[in-house]
Structure formats: structure tokens, C-alpha cells
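Read through the structure below, which is laid out as C-alpha cells, and then see the notes.
Order of writing sets the chain letters: A, B, C, D and E. Residues in each chain are counted from 1.
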């Protein structure tokens, strides 16, 4: 179990534009660390720099505490799983798996044994003699995993390993990879742009945008209290609804769309740099207006689109010049075009500084969201 | 309408096939004709006797020539594959400076007419004392720009992750070349191989220049030897020679047609 | 944020240099066989040719009288060389477009999905396996003024027999026909491969739109095939500039030098007349011609090409 | 050890070894000491068969020398190679070169004149055909040993003659007679000419011959025999007459053009597309044999304005390399002598139709037999023997002969396409002069 | 608005095996009809038969009530969007869109106008001069749509049009296509193997397996009462938990794993062909055991895997020899390896005949699932 540490790492391909900017983070030994961000934000670049496939422009990388900037990939004691699996199409599964061992001049028998062991673990025993093209997507994925695992490298890097699989298989492989990582105690750095994977797999996730770290933390924390509107919108599906509000510093009141207003913490307001704040609320915190709820936080909308996904219903509507979503548990029979009065939960707001975009106040009702501990 | 289209297609296919293949069939028929039949301008011989073939083989050590051709073509084929593959590998997988420039130089060699370099080459061969050697028939043809180009195009289609995966595993670059690149690009190797084999098999002027005796001569020279200048040519025998010469390559071509087509197309597309 | 200059300042040039050196070294190793062979058998002779083109050579082929550009001056004003150039360009004009069009036609035909089409593909590609010497001999006989099948067919149909290889105008046509036939196989194979790479869905989509067969051919097949066509045309151009064998066997450059293509003219200058100087000058000229045509081809032709 | 030193031909050696072994197993020792001499030739087809048979005979006739025959492509191709190996160890002991290469060979300095062996040994060459020797004798020295020699003759279709009301036993002799006969022999069917009266192969040699038989020269300085030729003179009146003949007949539609290929013109004759044509004496037997009609052979025509001079010898001769081991030269010389024996010559004559260098061969039984079968063959010999020796019939000596010949062919083809004969000839002469001048410049 | 009707359509490629078997269905004019099923089940084949790209082996196809079996594709008045878009890579967007009109020899100006109109509708105006390779996946998808729409064909066929897009874009395009279909009143036949698309987009869906129709109906009906275990498992993510139970015909009691038993309708039992039934229950109907719930329907399990997806938590565990999932609303802090007592909701069971696999009894608690009507 090795740690990986990045220190002020920069990367530029064309010596002009920085693709990765000043990234510093320490990945603990045995951690499942997820790197997430939109396409082109530099995730792969970062991973490839750790692997040594790409030079770093400045900064340095420490593996197991030792400087590794100029080590060739093979000396970094890591393995890697590629998005398209990078299986050698002309070799059968067994040869593919033992490919990395060839270098190590292991005895043939030993190699075979090891291969069988791993194949067994991943349920590949029956396919050892097949060529990759005769395997299904999930099986290929497993071969790629096996190939990474067999080298016994303490660090494993994965670059969107599941993005070529269909939804069902993806769900299955998610848990498989997670279990494997636990069992082997790997330090795993996992790149994805799928936020379901980010949410469910990692011990910690790091959200990246345009090469800059946005937030590092436990998935649930990132979900509940996104550090800035970008993270708020990126994590969660449908994304958090975000709008601007005006703040009255005297009364500590925030007004949205001249219609809705609520009060915020006094101290929070003091730190504000501008009159404007960005207010975010997750779709599940938008409710049907009931008599009992706060009059100030309700508004009427026309539903543009309804999607019933079995146990939950998704509503789409326009409000305050942007598209909003609401997500309710259960199957709701709502027609497109129908008018509804909705209300917001004041305790669920995330409030960001309109200028610096940093989080001023997170939601207070996280307790409400059924986090129950120790039920037996 | 549904029947019409295949019918037209078949008619066109058959018609064009007859036209394209006619010269070969014609040569085939003539190879069985006696001189008198030839003068009568017949198309199909009265009897298919093998006299002409017998004469062709009697007159020249054709079997030996065939073997030489086969040997030389095979060696050139292998040499071309190796040399071109090495060069193509460098162009694709090693990011050295000036790569594009060197590649351009390579490609430009395709434009040098072979005849333009033949005289100095002949002198070189002579100085190397390679006259009458298999070396002189093979080694000058090992490096061909077309081969490098074709293989490079195919190597480019190899996912770069394969290279990276082997980098991480710590594989030597030559081993990667040997264990991954070559098997991965089998089609284009077959294509280039067939191409090299055929072109070498078909060479005439150069083998004649650099060989002096039957020992290492190729079958195309044999074909020339069957023709005469001042004395009357025995066309039947010549055509028998033609058939003998083209049959091995035709067989090879028929066998490898599919691969060849795939591979050549790959090289053609940038 | 840091800017570009800062980055450059920070980057460690020493390490850079080390990698560059490693890459260079291995690249050289891989390229060495090619470079050595090219140098010995291509660049050195080319240089030598260039050198010789400024000399008169004696009977042993040794350059012994420096004449500067005289050889060039001579070939550029000599009528027979003008004829060569004209013949070569005519030949290119006859063979390249026709050959490509015929191959394209055959490839399109053989790309139809009907039973037994594999057999026809084999037939069409067969000419690739037939050597220049063999095919020229066969065609020589086909063109035979008295025994040849062509004359017989024409006269039996009541037409006027044609002096295939004997009339200056027809001789070049005859050599062209032979050449086209010989090149069909190669062009056909490449074009067929190109056709098969075209996504079938494009045609289905066009069928739903109601596009006719020829409309599809014009708007989809040809444009999609353009990279392949471009390649075939380039290779055919280069090849036809370098035609030698069929001329040697069919016409020896005659009649009236009408088929004295440049390469054949070079051959004759060098090996029959032993004028290495003028032969070399012609070679250099030919090389420049091919170079120019190819560059033009890449410059203008490639614009029309669509790459995936 | 002999085996070790000559790797290239070791296979060949084994073959001869084997053949010797089968012949006489006791002579293994002797086999090793045999001197090997390479013989480059340019005979393909039947000629190759015959030459190899003769070589075989020689190799078996004695146990000192082994001649190894090697085909080297056409004369030009063989010569090309010789140019580069000439004067070195790699040079063959004997090389067969066509007549137009004579001057080049002499100038090259790579050859040993056979005269030196003749003198050394006192070999009697008077037994050989004088008119053949003349060609290869320069400055009183016989440079090469004549081998396959031929002359042009006119072949005609006797059946067609009868059909046209001509006397098949009295073929036309002069240009005018040819013209007249051709007129009658030509058969037309609408636009198509079914049979032409007369044809000449587009080959410079025939023009040279037609000039020579009028006593005309090809180049100045007595055909280059008294001094280095500096100028072409084939565009003189003799040449013009030949070209005018072709031009006039061509315009009259009685002249058939069958190109530059020997086989084509023969096929044309045999399929009765032309009634008279000029051929090499080497081709006579084959044509007579194959033609489905009676074939007549006549002397080549001459202009009525001059008298007949006869023909120049064509074909090729054998040259001996210098700079090679003495032993090999000796082997070559022995072989050349062997070739001159009436038996060898008789076989050669019958197999190929080339002349026998040694007229004694004609008395051999097999030749007489053959002549009985094909009396036409004798005409060719008569024509040669009747030739008047002169610088005209001795043939031209120019180093750039192949080029000159090519120019003449081009001129001939141009005339057939309608160019004025004089203009075509002048152009060819001019070109030839240029090459001669250049060659002289380069070879100073 | 045309209808499309299939009558006992069979299809076989090799004249041996039927790829599509006896399919009869009527697609109403203006309907959004989704064809869903696992890979290789014959969806594309069916669609291509409707388009006329593939011949039908037997049966017949009626378009707008008229027999269309032998009409060429162009005469069927339909348009098609392919999975890989099948854009002409050598033409710019405008030419691609107007390709169908070119064939019809429309006047240039008219063509241009129409193209602009459509491009405007789909937000492609800025890209009209670009080549497809310079477009993003979503833009390409829109070009393909535009090309289909511009022909004004009343029927549109789509073969997995979204499968090449990433999740976010897919969600967006889903609603875009749906809105477009409504606006233009197209009869749309939509092939997918993604059940989210199936659930959210169609007016009706048809589930296909191995060329045989499994169920046709409204998505919500299919979700709530899948016609057989195949559909039950195919629709819904995570899939319905399915297990076998033994039925006692006398007491009308079903027993699962000798541990849980519940009673079923008497009349249902009578029709049973065997002693065995297949019992299915959706993950969201598995609850934490509370004192108040039915003792008989509870069981204890060890949790193998937990995934928290923002608003819902997914539990995986093994029970009765198969993998089961439970899905709860909210963020639950449950650790892997923890033991939980769960209970099943007896009203949510789907019960299938063990032999014929047909639905015997659907869930009775669909009302419970918050279907509320007409809230204003």
C-alpha cells in the first residue's frame, strides 16, 4: 500500500495553455480515490502523469513518499486499466493476463498458477483460451482488471474503465471493482466522468474542472455541500437547481426573482463581497405546496416534461429564466402542461457568494435526509 | 425490378470478366497449339497436347528457375517486411525529432524511377562482388518506401493504449514490436508480403543484369530466353513459358486476395 | 495563475535532452536498415546520376569531359526528346484516367452483393499477378498484325484492320491498352477495399431518401472513396511515368519514336547508346517531372479529397 | 582447390563432374585440372539449344578445357554487362557480340585480337569464308572469330507469283522490277489490303545492306575503315534511292509495313499478307518449312542505275577477353578452333540457318542432305560468295553504330508516315553525326 | 399521421432460425412507440423490416392501412435515424440535412428555407457549414434528427439514436426528441435497449426477447405489472428481485425459503399449473423491519454492498441463493457487512406461474405509490 502525492503539478501540452493547474493532493495508502469532472477537464492527463506516460511540466509527484517525477512507468510499481481495456487482440485471455509477468522472467509454472488464481477470483477460468474479441464487454473488462491485478502493484490506476459497458453491466462492475479493491488493499485512483460512479465507489472524490481542483472530499459531503456552483451542478442527477438572488445586508434576507425571500445567517452575510448570491437547491428538496408550508417560499410553475422512472418522478419546468428540476419519490401522475404550486425547503439551500462563488452556507437539514446510524 | 438488377449485374460481371481474363485464356490455349494451328489463327486448339510445355522444360532448366524465383521472392518478401516494419515502427512509436521530415524523405523515394538508378547500382553490386549471388537479387530491394508507408498507416491504427500498457508493464520496445505490433498488424504484413513477392517475382531487367548463369537466374529471364530475335520464335513454347511463369503468382494471388484487398485499402486511406 | 514563460523556465531541460537522445538513438536503430539501404541503392545512385548528367562519358561509362549543362541543353532542344516527353504525357493521359475509371467500374460492380461475386473479384484482380514480361508477350501476340486475335476479330466483323503496333498513333494506344490491363488488378483491389470500408448505413439512409443507384454513386460512393481514389491515382501516375517493360517488349520505342517513353529513352541512351551523360540528364528531368506532378497532385487533388 | 576458388560456378562444375564421371570414372584427377572458360552468348530459343550442344561436344572432345555457356540476354544487354566487367577477372573468356559492336570492342581495349593466336599458332584461316572474315578484319588484323553470320535475302511467295502471272523462277532483281512485281502481287479488298507486294522489316540492317549492294557507304573515311569515321554519309544518293523506293511503294499501297519485329513480318509472309520480303538467311529454313506455299529465295534487289555489289555480313562473332588468365584464353582459342571444324559448322548451319564460316562444311553430308530438302538455302550461300569485296560490302565501323542504326529505323518509320525521304535521311544523318562527335569528344 | 401495423411478421436470415417470430402489433398514428429488449433480440431487424431495408420472411406490414410489404423504402413515407447517425461525412451539415430533398428535386430556395427552419428548431443554425466530424456527439445527433424531420415523413424510425452519447447529453436529448415528436405529431418507432429511455419516452413500449413479444403496454403498467419474469427483470434498475416459492393449494399459502409465507388469492391458485410459483418484488418494496410489520415476511441478511446515490441508497445482499437489491429513499448510513432485518410488503408481490411464467397476480398496492391526480 503506497501513497501518491501530487505537489503543485502543472501540465501543458503546447507550452502555452495549462491543462492541469497547480494540483496538490495526497492520496492515502489503500484509498479508493475517484477523479471526476467533465470531459476535457484534465482527468486523464493527471492520471497519465501519475503513471509516467506523460511528463509533468512543473511540480512533482511522490509515490510512497519518494520523488517519482522522472521514473519510467515500469518503475513506478503501478498498474493501469484503460478505458478501452487495451487488450492485445491477438493474444488469448491467459496471455493477456500474464503479459506483464513476461517482463519479470517468472517461471512458467508459477506464472500459470498465478494466472489461474486471478482468473478464478474474477470468474474468468472458462475463458482463458479465448481471444478478447470473443468475450463480452464485461468479460473484457474483467480481463483488463486481472491483468492489472496480477502484477501485484500496490497502486492501480483506472481511466473510465466502465464507460464502454451498458448500464446494467456497469452497475454490476461497480461493486465488483470496489470489492476487489477492498480485498487487495489497493491504492486505487479511478477516473470517471460519470457521477454515479463517483458517488458510489470512492472513499474520497476529487472534482476537477478545467484542470483546477474544485473540491476534494467524501462523496456524500460533496453531494450535500458542494463547494461551488460548478460542483453543485456537476454532482447529482438531475443537477442542483441554481439561481441568483439579491441579498439585503441589513435584514439578512435573500430574495429570488422578487418573489421568494428567506433569511440567512447574519455572519454569513457579513462576509459577502457583493449584493448577489447564488442559491442552489437539490430537486428532491422542492415539494408540492401544502397549506402548512411557508408562503414565502412557494411559486407556481407549468410543467414542461415529466419522466416516471419507476420509483421516482422527475419534473422539468422553467422558473426565473432557467430550467429547474424537481424529483419526487413514487409514481406521480402529472401531465405535461399542468400548473403546480411548489415550495422550497429553506433548510436545504446552498448559498454561494455571487462574486467568488465559494460556499457561504450549506444546507442545514442533512439530518432530515434519513441518515440513520446503527440500526440492527 | 427485383430480378432485373441481379440479372444486369451478372451480365456485366460475366462480360467484364471475360474481357479481363481473355488474354490469360488466350495464352493458355495458344500454349497447346502447334505452329501450323497458330498460323491458321485459331483460338481453341484442336488437341491439348503438352509438347510445348515439354519443349519449354527441355530447353531451359525452368524448374530450377522457378525455384530461384521462389527463393528470391521469398527472401525479398521477408526482408522487406522486416526492414519496412522496423522503419514504420520508428515512425509511429518513437517520438524523435524530425520524424515527419525523415518520413517525407522516405516517401519521396517512391518517386525515383528505378531505371534512373540502375547503372550506378549495377556498379555497386559489382564492387561488392555480388554478381551471380542471391544477395544482389535480394538485398537492394529490402528497403521500399511503399512498404514503410503501408505499414505505418496500419501501425497508426494500433490503439496507443496498447503501447502504454506495455510501457507500464516495462516491456522492452523491441519486445513490444515483436509480440504486439507484428501480430496485431498481420493483415498488412500479409498484404505487403504478397505485394513484395509478386513484384520481385516479376522483375526482369535487374536479375538479367546481375546474374550471368543459370545458377541464380529467375524464371522471367527464362521467359525471355524462349523468345528469339533473328530466328523464328516458337510462340506455342513461349506461351507455355508464360503460363508456367504466371501460374504460381496467380495461385498466390487467389489465395491471398481477401487479405490483400483489406491490407491495401488500409494503406491507401491516410 | 502562472504563465507560459514561467513554465518553460521551470521545465528541466537537462532531462528533456536525455529523453531526446534516447529517442534519437532508438529511432536510428530502427531506421538504420532502411537508411543504409536507401543510401546505398537510392540516394547514392541518384547523386551519381546527377553528377553524371554534367559529363560526357566514355565507352566504359566513366565521366571524363565536364560539359556543364550541355546535356540538359541538348535534351531540351532535341526533337526526339520532345517526342519522348510528348509520348510520356500522352501515355499518362491515356492510361491513368482510363485505368482508374475501368478499375472503379469493376470495383463498383464487384462490390454488389450477389452470389459468386468472390470468383469475379479473383478474376479482376488476377492481372496483378501477371508479370510485365508475361503480359507484354501475350499482348504482343494479341496485337500481331497477321495472326493476332484482335485483327482477326475485326476483319471477320468486316472492319478495317488496325496497325496496332505499327502506326505511330495506334502504337501508343496499344501500349496503353496493355498497361491499363496490367494495372487493373492492383487498382481494382485497392478500390474494392475502399468501397468495402464505406458504412453500409449511408446507403440505407440514402435508400430511405429515395436516391437512385447512380445518385448514390455520385453523391456518396465517389466522395467517400476519394481518399482511395487519390491514392490510386497518385500511384498510377508515378507508375505510368516509370513504364518500361511493356515498351521494351512491344515496340522498342517505335514506330517513329512514338512510344519512346522517357524511361525507355533513358534505358536506350544508357544501355544501347552508352551516353550516360544524356541518360542521366533525362533521368533527372524525369525525376523532377514526377516530383512536380506529385506535388501538384497533393496540392490540388487533395483538396477535393475527403478524409474520415 | 579449384572448386573452392570458383564458388559461383561450383554447381556447374559438379554437373560436368558428374557427366565426366559417368563417362570415365578413372579420370577424377584430370577433371579437377580442367580449365574452365565462360562463354557469354545471346542466343535464345533454338539457337541456345544448338550452341549448348556444340559446347557439349567440345567439352567431351578433349579433357583439358571446359566451356561454360551462359545466356546474357540480347546483344545489347550482354554488351552492357561486358562493358562493366571488361578487363577484369570477372570478364568471360568469350563473348558473342553483334557486328555493330565491332568497333566498340576493338576500341574498348578489353579484347585480345584472335589474330595473335592465329599468328602464334600459324592457324590457317584461308579455309574460312573470305567475305565473312573481311568484316571482322580491321587494319589487317582479324579481331574476332566469326560465328553466327547471316546476310539478307529476299523471300517470295511462288504461288502468289503464279497467281499474279509472274514467273516464279525469275524473281525481280532491281528496285524497278520489285515495284512492278509488287504492283501485280498486291491484292485489295475494299479498304483492306489482303496482300501487299513487298515488305522490309523496320530494321537498320536492311537499309545498310541495300545501300551496300549499290556500292554506297554508310559513313565517311571508307566506312570508317581507313580512318576514324567522323560523318554519316548514308543520306547520299544510294540511301535516298532505297528510301524513295520504300516511299513510292508505300504511297502506291503495295508496300506492307509489319513493324520492327522479325516474327511479325515472317508471320505476315506465311499468312500471305505480303508476297515478298527481306529476311535474314538465318530465317530462311524456318520460313520455308512453315509456309503453306512454295517459297522462293532471291538476292536482295539493287538499283538499276548501278551494278550489284553484294551483301555485308551480319550476325555476330566471338571475342576473346584480355586480362584473364592465359589458360582461359587458350581454352577460348581451342573452342573457337573447334567451332570452325566442318562438322561443327555443318551442325550449326543446319540447326540455325546461319552460315558456315568454313565453306568445307557445305560439303558435309548432312548439309547436302538438307540442301536437297531446301534448295533455297543454297541461294543464300551463293549470294555471299558472289559478293565483291570492297569497303562498301565490308561494312561500316562506328563506335555508335547501335544509335546510328536506330536513327535509320526512325527515318524509315517516318518515311512510312509520309515524311520526305531526303529530309528523313538528313535528319537521321545529322543525329548520327552528333553522336559520333560526342563519342569522339568523350573518348579522346 | 400514419399508423403502422405488423401482422404475424416472421424473419429469418438464414432460412433456418427465426430471428423475429410471429410479431403482431398495431402502432397508432402519432404514437411514440418504444421497442425495447436485450441485445440481439431482433429490435433492429424489426425496425429495418418496417423501413423496407430488410425483406420480411412471412406475414405482412401495413402502413396507413395499406399493404407495404413490397414497397421500396423510399415509397413508405418514413424517415430513419441510425444508431451511428449515418451522416455523410463528406457533406456539410446543410447538405446532410437537405440530402433527402435533393433527391426530390425541390427548388433551391425552398430547400434552403426549409433547412434554415429546421436548423433553427434544433439549434443548428451556427453549424450549417461544418462537416460532421467537427461536431460533438449531441450536435451530430441533432443533424440526424433534422435530416429525418425535414422530409416531412409522417413516420419516423429511430434505432438506438442515443446510445453513443454520454449520460448527461442522453438525458437532455431524451426530452428533446419527445418534445419534437409531440410538436410534429410524428408516429415514432423508437428502438433502444436502455430501459430508462423505454420508461420515460414512450406512449407504449413493447418488450421483445429472442424475437418474441413479451409485453406491450404503457411503460408504467409494464413496470408495475410485468407480464413475466423476463420483463420483470429487464425493466427497472436495479431489477426486480425474483425467487421461487412453493404454493400450498389448500391454504392458498406461498412459502419462500421455508421462512416466509403469505397468502394469495384463492382463484389465482386454482389456475396454477404446478406447485411452484415465481415471486417477484421490486427493491423499493423491501423495508426495514419495524415492530408493526408482519412477522411472517421478515428475514435477516448481511449487506454486501451499499451505494448512496444522493437521494437514494442501494443495498445489495444475498438471500435464498440469489442476489437481492433493496432501494430506499434518502441517504442511509449503512456499512458493508452489517446485519439488517428486512421485511417484504405483501401487497407488492408479483406472482407468476412456475411453469408457464405468466402473471398470476399483480401488486395490489400501486395506489400506495403516490399516484395522485389533478393536484392544482
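Here, contacts are C-beta pairs under 8 Å (C-beta built on N, C-alpha and C of every residue); 3 or more make two chains touch, one makes a residue touch a chain.
Treat the numbers as computed from the prediction; the structure is a model and nothing was measured.
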| item | value |
| --- | --- |
| Target chain E, source chain C, minimum contact steps | 1 |
| Per Cα centroids, the chain farthest from chain A | D |
| Between chain A and chain B, centroid-to-centroid distance (C-alpha), Å | 56 |
| Interchain centroid distance [CA atoms averaged], chain A/chain D, Å | 92 |
| Chain B residues counted as touching two or more neighbouring chains | 39, 41, 224, 227, 235 |
| Multi-partner residues of chain C (each touching 2 or more other chains) | 61, 146-147, 308 |
| For the chain A and chain B complex, residues of the former touching the latter | 48, 51-53, 72-75, 78-80, 82-84, 86, 88-91, 99-100, 102-103, 147, 151 |
| Partner chain D, residues of chain C touching it in the complex | 56-61, 64-65, 80, 140, 144-147, 155, 160-161, 163, 165-166, 168, 251-252, 254-257, 268, 271-275, 277 |
| Complex contacts: residues of chain E adjacent to chain A | 39, 166-168, 171, 174-175, 178-179, 193-196, 199-200, 219-220, 223-224, 235-238, 282, 284, 288, 304-305, 307-312, 314, 316, 327-334, 338-341, 366, 369-373, 375-376 |
| Touching residues (chain side chain B, partner chain D) in the complex | 35-36, 39, 41, 59, 122-123, 126, 131-133, 208-209, 212-215, 221, 224-235, 237 |
| For the chain D and chain B complex, residues of the former touching the latter | 8-9, 11-12, 38, 40, 43-49, 68, 70-74, 77, 80-81, 84-85, 90, 92, 150, 262-263, 266-267, 270-271, 280, 282-283, 286-287, 290, 292, 315, 352-353 |
